[in-house]
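I've put the structures underneath this note.
First chain A sits with chain B, and in the next complex the same chain sits with chain C.
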Partner chain A sequence: MRRDIKTWYYLLPASLLTILLGLASGPAGFGLLADPQVMAIRLPRVLLGLLAGAGLASSGAALQAALGNPLAEPYLLGVSGGAAFGAALALLLGLSAGVGGAVGLPLFSLAFGLLALYVVYSLSKVGSRLPAETVILSGIIVNAFFSALIMLLLALAGRQLQEMIYLLMGNLGMIFGTQSLYLLWVCAAIIILCTGYLWGQGRSLDLLSLGEQPAQSLGLKVEKLKLRILLASALMVAAVVSLAGVIGFVGLVVPHLARMIAGPKNSRLLPLSVVLGANLLVLADALARTIAPQEIPVGVITSLLGVPFFIYLLRRKKRSGL
Partner chain B sequence: MIEVTDLSYQYGPLKALDGVSFSLPKGKVVGLLGPNGSGKSTLCLCLAGMLDRKGSSGEIKISGQDLGSFAPEELALKMAVVFQDNLFSFDFTAYEIVLMGRSPYLRPLQPERPEDHLIAKKAMRDCDCFDLKDRPIRSLSGGERQRVVLARALAQTTSVLLLDEPTNHLDLKHQKQILSLVRELAESKEVLSVVVLHDLNLAGQFCDHLLLLDQGRLVKQGTPEEVLTPENLNPVYQINVHKIYHPVTGRPQIII
Partner chain C sequence: MKRSPYLISLLFLLGCSSQPRPQGKMTLTINDDLGRTVSLNQAPSRVISFAPSLTEMVYALGGEGRLAGVTAWCNWPPQAKEKTVVGDMMSPNFERMVSLKPDLALMIGSRPGPLLKKFEALNIPVLCFKDETVADIQRAIKVLGQVLESPSRADSLTREMDLQLAAIKAAVDLVPMEQRPKVFAELGTSPLFAAGDSSFIGQMIALAGGINVTGNLPSSYAAVNPELVVKNDPAIIIVLHPQASKEQIAQRLGWQNVSAVKKGRIYPGLDQDVILRPGPRFTEGLKILHGIFYAP
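Showing the complex of A and B:
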């Protein structure tokens, strides 16, 4: 039997366990599944964890294929940083409450996430290629730029400071309060639609990962397609950031894990990435809530786990001489 | 099959092609010769419809239809291209790579049909890389990869093949094998192949028609007998060459 199919047999029951574990774990240890007040807080948290993990993993997998670069990731490419700046700006402009919070914040997030992606894309393009090194370098530059802008906003912020800091550290605890609960459904819709679109483009993603010229010679309208794929990826990241802030490295680590199991074919890789990502982020969040006496932002956990993985990938890449 | 009229191409101020015209019938193997930087790859990219049309002037027609009017998905059914460098970022198996040659025939979510598998397997056998079928593409040597990419082009089953230095990285056995295969396709299926070659002797041996480029100009075209002469080659390559004939095939060969 194909390895990825076998994995699904384990993964689906494991997902149920993950959700239960996510619901049951808290600062006071495990339990309290029966307490409706606690569940009213934890259920959206677990839902957001599933969504954010799925969205970031799906976006990472698509970006890696579309840019033909296994180190591509929304966080490293500055998309998350851009989206976070957009969200912070919306906060500062007082757009976090009411209609503003429902529409303005995600829109700001999306606009600046896209801007970041566009800048990285045009900075790193050499001829028709996007070499790994220049993509990473451009990502660093764009990230640095948006970090500076975010710090400027932090300096200007008054009562929004706490929310902004949560935004930057990544937090699944509904940063903007329960009023944004319905945004969860919007976010879910965005992630399902975008991932569905990307899955449908699985073969095109395979071809794109060969590079622009081979992809075009195999019949793809490269520019148009790439634009749509980048748009779908950025849309998911913006949706996640406007709810949970910046959570790094999920988009890098998860597609690589999925690739080890399912191989690089995107029609198999994407669904596996989505489910693995959802599971891993809920688990990381459960860890964040139980590992220390005080809750740790989940973005800290994913980065602490993600950076060693990134180093491992870089070293392996160096050895293979690519 | 391919008609090029007064084609020029400019990269900014640099003129890479300058008033090139030729006409190639189907079923021929055409060699594209010239020193480094003479415009071979640019011509190849122009024929593949890959270059920005802003820098180009002149006309390229494929089966009487203007190249620019083809959508990529239409062109992929007519012409397969093998590029010079083939870098892979992900470890698809060799077979998965070859099967991608069938994608112009498939709708987005449609799985490969039995005939697609048959065609892909045959292409791999023809390129002597069937035994590499389950190997990750990045674990293959340059020559093995070249054969896999060529098999992908064959799997596209097009009437035009555009090959930019297909013999790069290949050992003698596989150079001969690949070019013999291109010849055979020309004879049995009337495939027109345009092949960029650095090796003048391979060109003399396997091509029906040669195009000799120098500094973006087409300085000579014709049969190998007509093109491969010291009078044509000496000024282009700036050395003195001698022409001899192959002891068995009687085809023109160049020695220095």
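Showing the complex of A and C:
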């Protein structure tokens, strides 16, 4: 408990600093109160960064717990790919303008994100168990399938090509219209509700980590719990994808980082993942906004940072004999 | 207009000398914009155009009878849409191209691509054109004039362009640099896409007497942060895509104090093909832009 308090004692001021840094940096110049109009652009973007980072990290943490697999992550499991395909399809069908943009695109990305997750789930199930290897393998297969579908859409696209490519690269820079602001509130609601739900399931997830049979014998409805957690994760990922595109590795790396700090208990791990994820994405986006005069997609930065970190994790695990 | 009369008369003579010849027989050696030397032993009669701008030039030169195939993007003049579509440079339908038995292909590009190599392997002559500047357009028209046996038409076309360019330049030159309007050219909304000075639209803005607020981008076109628009405060926003209306742009977060928004000087619904396409109608585009920049 004391370790917890100490962690948050450092983390909360650090988060505040991150938010201030996010608000202060941008191509219009470094500073906080220089121009309220510039702030009107940066504030929703920082908000989206916090939300997307939190959503991806908590969905990653929950998936890792529910599937009992440290490699589970929306990006690797094909959920992001499915959601991205849905969003790209909505773009191709011209659903990105007007009311369709506020409803059609998120619905499409949700539907296909769920579909991807369901296919992975049913493909990888062996009896009532979800072995680590089959989850990852089916994730790869589903990802490959949706990548192919996305490429098909890219080949068919005319004017929408540019929009699609930026969606696939992951980008927080698409939120500056009033219309996307409504979508931001919807996504905020989804992410807060789902994260809250997952946090509430922390103890059940801890039980689940004992193994399915012991958990079941202790009165846990394992299948129901898993399905709900998958659903909540997919909802959050779809919400993020419809606003910010595919941002990789946040959902994979952040829960591992949180586990290094807080240990394996889910009721501690989840809130820490949420806060770390939010911080990480806001910082990555601040970097994406300032390193070049043009916009660098933040998904590129998270992947560039995430992969080396993941390699470090792998090597550490290898050294400790897995 | 600083073209020497001597040069014009020389071109005119060149034009005359090739015109009386019967169609079908000629020997023409051309250095294209890639520095390749292309020899044509007879006048081409089955031409494939790989760019809307080149298609427009062929029509403007009266060579449409020799046009066998066009791209899916070739929409001007309207009759061009009735020609056989052979895909485009990114996704060409090679079988259909070969089945058209072309004797000349016209392409845009500053470096050789796979399509060019395929045509070279089949011994089908290819002319490559640059389309980055006004001078590129005029040179392309002159080369096409020779190839399509209408050099005098090419001459009068480019001369007309020179006159119109000179007229706009004379009007723009009267305005000192610091009084020229700051312009933001928007090419896409998600993400916000802008053009640098090296792009064709960047040059069009400068020629029409505007100052491109995203001129110093490191590439021709790039995604930019909407903050840049707020910071650079353009007096005019030209909207070169169909994705956002004037109202949507005016309502964007933080754009309320941008001069163009405050004064209502946002221009959607422009003819993108005329303004963005480096073809024979670019002077029309210049006139439209100049009209917007210096609207009373």
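As a working rule, the second predicted complex is superposed on the first by the 298 of 322 C-alpha atoms of A that agree within 3 Å, B and C clash if a C-alpha of one lies under 4 Å from a C-alpha of the other, contacts with A are read in each partner's own complex, and residues count from 1 in each chain.
Going forward, contacts are C-beta pairs under 8 Å (C-beta built on N, C-alpha and C of every residue); 3 or more make two chains touch, one makes a residue touch a chain.
Just so you know, these numbers come straight off a predicted model, no measurement behind them.
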item: Which superposed partner A:214 touches (first chain B, second chain C, both, neither); value: first
item: Chain B versus chain C as contact partner of A:11, first or second or both or neither; value: neither
item: Partner chain in contact with A:294 - chain B first, chain C second, else both or neither; value: second
item: Partner chain in contact with A:26 - chain B first, chain C second, else both or neither; value: second
item: Partner chain in contact with A:200 - chain B first, chain C second, else both or neither; value: first
item: Which of chain B and chain C A:305 touches, first, second, both or neither; value: neither
item: Which of chain B and chain C A:181 touches, first, second, both or neither; value: second
item: Chain A residues within the chain C interface of the complex; value: 26-29, 35, 37-42, 44, 96-97, 155, 159, 162-163, 166, 171, 173-174, 176-179, 181, 289, 292-295
item: Chain B to chain A touching residues, read off their complex; value: 45, 48-50, 71-77, 79-81, 83, 86-93, 96, 100-101, 103-104, 106, 108-109, 138, 156
item: Complex contacts: residues of chain A adjacent to chain B; value: 64-65, 68-70, 128, 132, 200-204, 206-207, 209-211, 213-214, 216-222, 259, 263-265, 267, 320, 322
item: Contact footprint of chain A on chain C as seen in their complex; value: 91, 188-193, 216-219, 222-228, 230-231, 241-244, 248, 251-258
